[in-house]
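In what follows, structures are represented as structure tokens.
Each of the two complexes below includes subunit A, the first together with subunit B, the second together with subunit C.
Right after this comes the complex of A and B.
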């Protein structure tokens, strides 16, 4: 990347972040709710982007981990635990469950792996619905308190939105660190060519399990924020639909791109709101938009940008080669 | 002196077919052993048995005297055994430099130290030296997928050396490479062999390449060792001529 384009990117990031902080100050309760939901879903989609987009392991269970996180937070905070303690417990729990869910991926891949994770997703839904002693079944858990962060209450929508946005920023930083570390390179190697990766000393088993575990933890973190956001959890939001929605966010945004989940979640959470004017047709328009996008760019929205940049790079390289060639000929 | 690679009576059967049928040989430090034979004679299966991609049905493989039969490829690689594949195996989305860093990073520190350490695992200098050595400087930041076939083949070979291996098994390094680049590749391999005392086993169909590169050549036919000796002896061996080289 050139210095110029790097500067441009940093500038753009600053503008977007400032926008995300300042503009919502004028939003009403509902607008802030939607925007908070976008932040929460982005965190969950980032987790799936790690498992699927970077490490290449299909999972239809991300929604279940959001559910585990949400129920964990709901149960513990309604019993007087602080949210931060619930977060710690959920992280440990999701890491362990995610690690275990990774084991089938060592045996089966692609569609078969999708079915294994789908079964897990269904299993978790049944736990949320049927184990009433723990989850209160179909009645759900209500009156989930919103936390105080460093003495600041987040009961009102704006402070809670800032909590979600801050969490998203922290998760993004952690993810950025992870992806540019040697682990990120190993995850990509695992996706692109596991046999070659092994021959280079990469312990593909451990990295596969790690990709599931870390991806699941991010699902859990999203859930921990989801519970105080809606202040009520019941099993319905965590059925298979959520896992499919998260999968769509990752693919539409651009799997394997750091910023993919941001765009994907924006389309999944915000677009339906903007299409409300179309009333009954909005779901149809939404579906058609997604189909057209994926026909035009199977690698998602960021795939379009990536293709543009790499074609420019190729052009620059061939111009350079042509220049070198003519210089060589002149010298001869 | 212990052989770098010692293979004893290795057998591999798939159902009723015996692909490798009791092969024994050793390779001394600094040697370049060529492995030739007609298609389907078991060369690649033998490689996969040595490298842990396949578990031999019988026999033993030792590296520096240490029994490694059936160890996983990643463990073997960290013990200093490296390889290239018959078909190109670079990571197309990663840059040339990142391909090389990836090829060396698991040889440094623990998994945890790699997570919290520098993003290049401290390998940028080593990678750039390797890039210079294989004359790929102008392509260091290009995605590997954008390189020509011959350049990718060079990168593929370079990756095998990033971990500082004791033993490298190269499966048809010359396949599909144009004659100019082939000379380059041979020079590089000979240089690495001399400078780093790296030991090679090379599967190859290009006779000229094998005979000029290797200090000894082993010929396989139908899963067995037909002959092993210096290139000249192999050229003159009637059984080899009969089975493989042709009249």
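Right after this comes the complex of A and C.
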């Protein structure tokens, strides 16, 4: 990437971040709720993007981890724990469960793995619904308090939105660092060619489990934010459909692209809101839009951009080559 | 004991329907690496197509005929040409995601254009009990079982006994060689999509009288069919049949003997065990590239 385009990218990022901070200031309650939900779902989708997009392991269990996080936060904070303590516990729990869920991935791949994780999702949903002593069953847990961060209460929608946005920023930075670290390279090696990765001395077993565990932790973090966002948790939002939706977000945005989940979550959370004018037809339009997009670009939205950039790069390179060729001929 | 027998007969009846759906599912996988996440919705839709035809005043038999034809047209021909063909070369995952979106689309379309409420559906077999060896057994269960077995036997005969069936199997197992020896592979693949469409229409006809026609009824059914296909063996028609029957019976027994709350967990645990310890399924062959 040239210096010029890098500057352009940084400038764009600054404008977007400033926009995300300033513009919602005069949004109403519902608008802030939807934007907060976008931030939360982006975090969950980023986790899945690590597992699927970078490490290449198909998982249909991300929604279950959002559920674990949400129930963890709901149960603990209604019992008087601070949210940050709940967060710590959820992270540990999701890491362990995610690690264990990674074991099948060592044995089976692709659609088999998808179905193991699908089964896990369904089992977790049954636990949320049936273990009433813990989760209050179908009645759910209500009156979940919103936390105080460094003495600032986040009861109002705007401060809570900033909490979600801030968490998203932190997770994004951590992810950015992770992808560029040797670990991130190992994850990509795992996706591209596991046998070669192993021959280069990468412990593929450990990294596969790690990809699942870290991805699941991000799902859990999203859940911890989800509970105080809605202030009410019941089993229905954490059924299999959430896992499918998150998978769609990752693929539609562009799996394996850092910014993919942002766009994917935007389409999944915001597009239906913009399509509200279409009333009952909006989910239908959404489904059609997703199908058309995938037919046009199976690598998602960022795949289109990527294709465009790489074709421009090829053109630029061949133009340079042609210029050099003619210069060479002139010299002879 | 008598209760057990009833449960098994009822379980076999639902299992036979699962088997029909699972067979179609495995056929699509074998011939064109399509994991159809909308398979459950494919079963839900034909019932509504038939109801729509009856709504304009057609008799039931005509509605069934139209339902099957429309199903072949929409879920067979259009599904393959508009969705599978353009996406196939991009690999398994984007296509699988597209079928998930399709599932949402079908569900929402039915909800929007038809009804969000459950509608009753006429049964093709008479309701009531029949006495066999002094025991009352539901006619509907027996009828469903009989029709499903006939369909499966017919399909197996088609695949194993006719030249057409052999060509289809060749196209599924090794398209390159099949093409060399003159099998019209493209036409065979299209045929499997049409067979799948007819199978789901048949399953729809059998299961909707029991569970009513509802836009969301495909979810459970689709999952049961996936599990049946994997437990039985993803690459074998007879595996899918065995898996379907097994899941039907296990599901029914679990509801009676484990707990109604966790009945759905039992097939899931069976699925996890199966994938971990025998990923090729009960009757499947090991697939080098996926396991």
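One rule holds for everything that comes next: the second predicted complex is superposed on the first by the 327 of 332 C-alpha atoms of A that agree within 3 Å, B and C clash if a C-alpha of one lies under 4 Å from a C-alpha of the other, contacts with A are read in each partner's own complex, and residues count from 1 in each chain.
Methods note: a contact is a pair of C-beta atoms (placed from the backbone, for glycine too) under 8 Å apart; a residue touches a chain by one contact, two chains touch by 3 or more.
Quick caveat: nothing in here was measured; it's all calculated off a predicted structure.
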Combined model on subunit A where subunit B meets subunit C, clash or fit: fit
More subunit A residues in contact - subunit B or subunit C: C
Subunit B versus subunit C as contact partner of A:149, first or second or both or neither: neither
First, second, both or neither for A:298, with subunit B first and subunit C second: second
Contacts of A:89 with subunit B and subunit C, given as first, second, both or neither: neither
Partner chain(s) touched by A:196 [first = subunit B, second = subunit C, both, neither]: first
Which of subunit B and subunit C A:20 touches, first, second, both or neither: neither
Which of subunit B and subunit C A:204 touches, first, second, both or neither: first
Overlay on chain A, subunit C to subunit B nearest C-alpha distance, Å: 14
Residues on subunit A lying within both footprints (that of subunit B and that of subunit C): none
Residues of subunit B defined as touching subunit A within the complex: 51, 53, 72-74, 77-78, 82-83, 85, 89-94, 98, 101-103, 105-107, 111, 114-117, 119-121, 142-143, 146, 159, 162-163
Subunit C partner contacts - residues on subunit A that touch it in the complex: 58, 104, 107-112, 114-116, 118-120, 122-123, 126, 129-130, 240, 244, 247-248, 251-252, 280-281, 283-284, 286-288, 290-291, 294-295, 298-299
Of all residues in subunit C, those that touch subunit A in their complex: 35, 37, 83, 86-87, 90-94, 96-98, 100-102, 104-105, 108-109, 111-112, 219, 223, 226-227, 230, 234, 261-262, 264-265, 268-269, 271-272, 275-276, 279, 290-291
Subunit A to subunit B touching residues, read off their complex: 178, 180-183, 185-186, 188-189, 192-193, 195-196, 198-204, 206, 310, 313-314, 317
